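What follows is subunit A paired twice: with subunit B in the first complex and subunit C in the second.
So, the complex of A and B:
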């Protein structure tokens, strides 16, 4: 430390001498380098001021007393800056630590979501899910059972960020304990509701839509817990309609019955599931209407399911100047044969 | 956007008049105002939403919390004056089945 001080003294002295002699830009550039080095060596602003005074006293003998004394005042003022600077540094360290913890949590959360494409002769599946922050309150799932039934789910935890993300993992774990209910959407939601109701804050809730497609009967069975309605595309008539099902959001009341509904998918028909982060996108300050969303899907419907959801996300992200306000999830399941 | 809350005590209980947006920014204020009223024993709370044009999911959560508090204290909660967009939100989430909502002076089946 003492050595550092001596070398900094020498450095500053050389710098000041050269500047006083030449008044050149080059010497000023050296001063900038010096301040960087100071910060690296954790030197405080008041130490720099006192360094300046000692160097200057050596260079210019017989400094007027007032000039020397005035530095006492300047030193006192700089001490305040020094404290603020050190506080800033410790906050910055703390922030870096939190950030790295958050990154680990976000990676863990990603591992809760299904990975890998499902490549089947019977259906074409595409999904995109993008959190507004680092962690997501949206949950989605797709899974095949032994009979090649494919189950799809989109759930949305109220709010966003870490509290929402923690509740989202609860849905994942509860789903994993209910494999036999994957072909019984209403029963699945009833069981999830019991878990959520017991484990969630009184003013939080989760919405969810779950369905599964049976590739032999071509029926899609579904139930909803207060979730944003999806869409069904009818290829024969080239038309869209809402995919709605009545049912209370998860977590409000311990005993809730859900209705199960079903519809037949013809070749080329598809189901669209989404979270309210999609319909709450604002374009030019206005929420997008469901009709606008339908038009966007229509524009891309000749593409694969994954390409459709990717393109719609890019369009809406761009329309919002790349600032998502809420977690965004969009899933498409199309009957191929 | 702000939220203005005026509470009046009438002979049939308390009426809270809301004006503005109920969203993630104003939800705490709403919760702090309505929850203590809902926790009073055997009182009736009416929330007038005539001047509310938007409620987000965090806002909905506050009403669920208030509903639970009234159930615990033996009180009641009723919402009035919902515009179409707000009403639709209560319908999608199924909350119109558990919260007493008055539409155009007529009560919806509870």
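So, the complex of A and C:
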């Protein structure tokens, strides 16, 4: 420490001497570079002022007393700046620490989501889920049972960030305790509703759509808890319609009944489930219309389910200048044979 | 025990008097101008805290020696409401007065040793020492 002080003193002295002699831009540039070094060495503004004074006193003999005294005032003022600077440094360190904790949490959350492709002869599945921040309030799931029924879910916690992410993990754990309800969408939602109602704040809500596809009967059974309607694509007529089901959002009331509905998927037909982060994307300042989304899906429908959702995400991300306002989840399930 | 100065704090004049006494002793002990300014800033902050939150109290300033080193010790005592959340007031970015005050974390940074003792409805004692290097 003492040694760096001495070498700093010498460096500053050389710099000031050279500047006083030449008044050159080059010397000033040198000083600018030097200031970075001073910050690296943790030199505070008040130390810099004091360094300047002592070097100046050595270079210019017989400084008027007023000049020297005036530095007392400057020094006093600089103490405040020095404190603010140190506080800034410590807050920056703390921010880095929070950031890394958040990264760990985000990785943990990612591990709650299903991984790996489901490759089946019967269906083609694609899903993309991207959080607006580090943590997501969206949840999705897909799972196969022994009869090769495939269950798909998309849930959306109202709100985002960490509180939403914590609620989302609750949905995941609750789902895991209800394996026998995977083929009974309405019952599954009724059970989840009870868990959510009991465990989250009254000002938080979760919407969810759950469905499962039976590859033998080609029926898709589904129920919704106030969730953003999905779409069904009818390959024969090349048309889309809304996939809707009535039902209250999860967590409002302890006893809620949900309606179960079903429809038949023909070869090439597909189901689209999404979170409201998709329909709340803004293009040119306006929310995209569901029709616009349909047109985007139509444009890519010749691709695989995964390619479709990936392309749509990329297009919408680009249209919003890479700023997601809400968590984004899009899932497509297509009957292959 | 060496020289000790007591300054009563119940107005802004007291704050100035405490600063003055602190600067004088710091200079006598041999602190340079930067450290003198740091010590007086710390005294200012402690005295202002007394004035703002406890209305009245005392600042004691004394010279200390330990293992051959000389230093200055500032003790701020009040019988005010006490500090409810100690962790909170020691957090950066938290200043109850709302202004850009250095606050207690600032005092801790300006000095070498820092100690805080507070009881609700009893009062607060803060001790801060700076050693001559």
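Some notes on this structure:
We take it that the second predicted complex is superposed on the first by the 337 of 337 C-alpha atoms of A that agree within 3 Å, B and C clash if a C-alpha of one lies under 4 Å from a C-alpha of the other, contacts with A are read in each partner's own complex, and residues count from 1 in each chain.
Assume a residue touches a chain if its C-beta (ideal position, glycine included) is under 8 Å from a C-beta of that chain, and two chains touch if they have at least 3 such contacts.
Quantities reported herein were computed from a predicted structural model and do not represent experimental measurements.
Considered on the superposed subunit A, subunit B and subunit C are sterically compatible, since they fit side by side. Judged by the touch definition given at the top, the superposed model places A:187 against neither subunit B nor subunit C. In the superposition on chain A, contact is made by A:79 with subunit C only, not with subunit B. Of the two partner chains, neither subunit B nor subunit C is touched by A:315. Shared-chain residue A:234: touches no atom of subunit B or subunit C. Here subunit B and subunit C are compared by how many residues of subunit A each touches, and B touches more.
Between the C-alpha centres of subunit B and subunit C, as viewed from that of subunit A, the superposed structures give an angle of 90°, to the nearest 10. By the document's definition of touching, of the two partners only subunit C reaches A:50; subunit B does not. Contacts of A:202 after superposition: subunit B is touched, whereas subunit C is not reached. In the superposition on chain A, A:90 contacts subunit C only, with no contact to subunit B. After overlaying the two complexes on the shared chain, residue contacts for A:249 are found with subunit B alone; subunit C is out of touch. For the pair subunit B and subunit C, the least inter-chain C-alpha distance in the overlaid model is 23 Å. Every residue of subunit A that touches subunit B in the complex is listed here, in rising order: 156, 158-159, 201-205, 207, 225-229, 246-249, 252-253, 276, 280.
Taken together, the subunit C residues at the contact with subunit A in this complex read 32-34, 37-38, 40-41, 92-93, 100, 102, 105-106, 109-110. Remark: subunit B residues 24, 31, 56-58, 60-62, 64-65, 67-69, 92-95, 97-98 touch subunit A in the complex. Contact residues of subunit A toward subunit C in the complex are 46-47, 50, 71-72, 75-76, 78-80, 83-84, 86-87, 90-91, 94.
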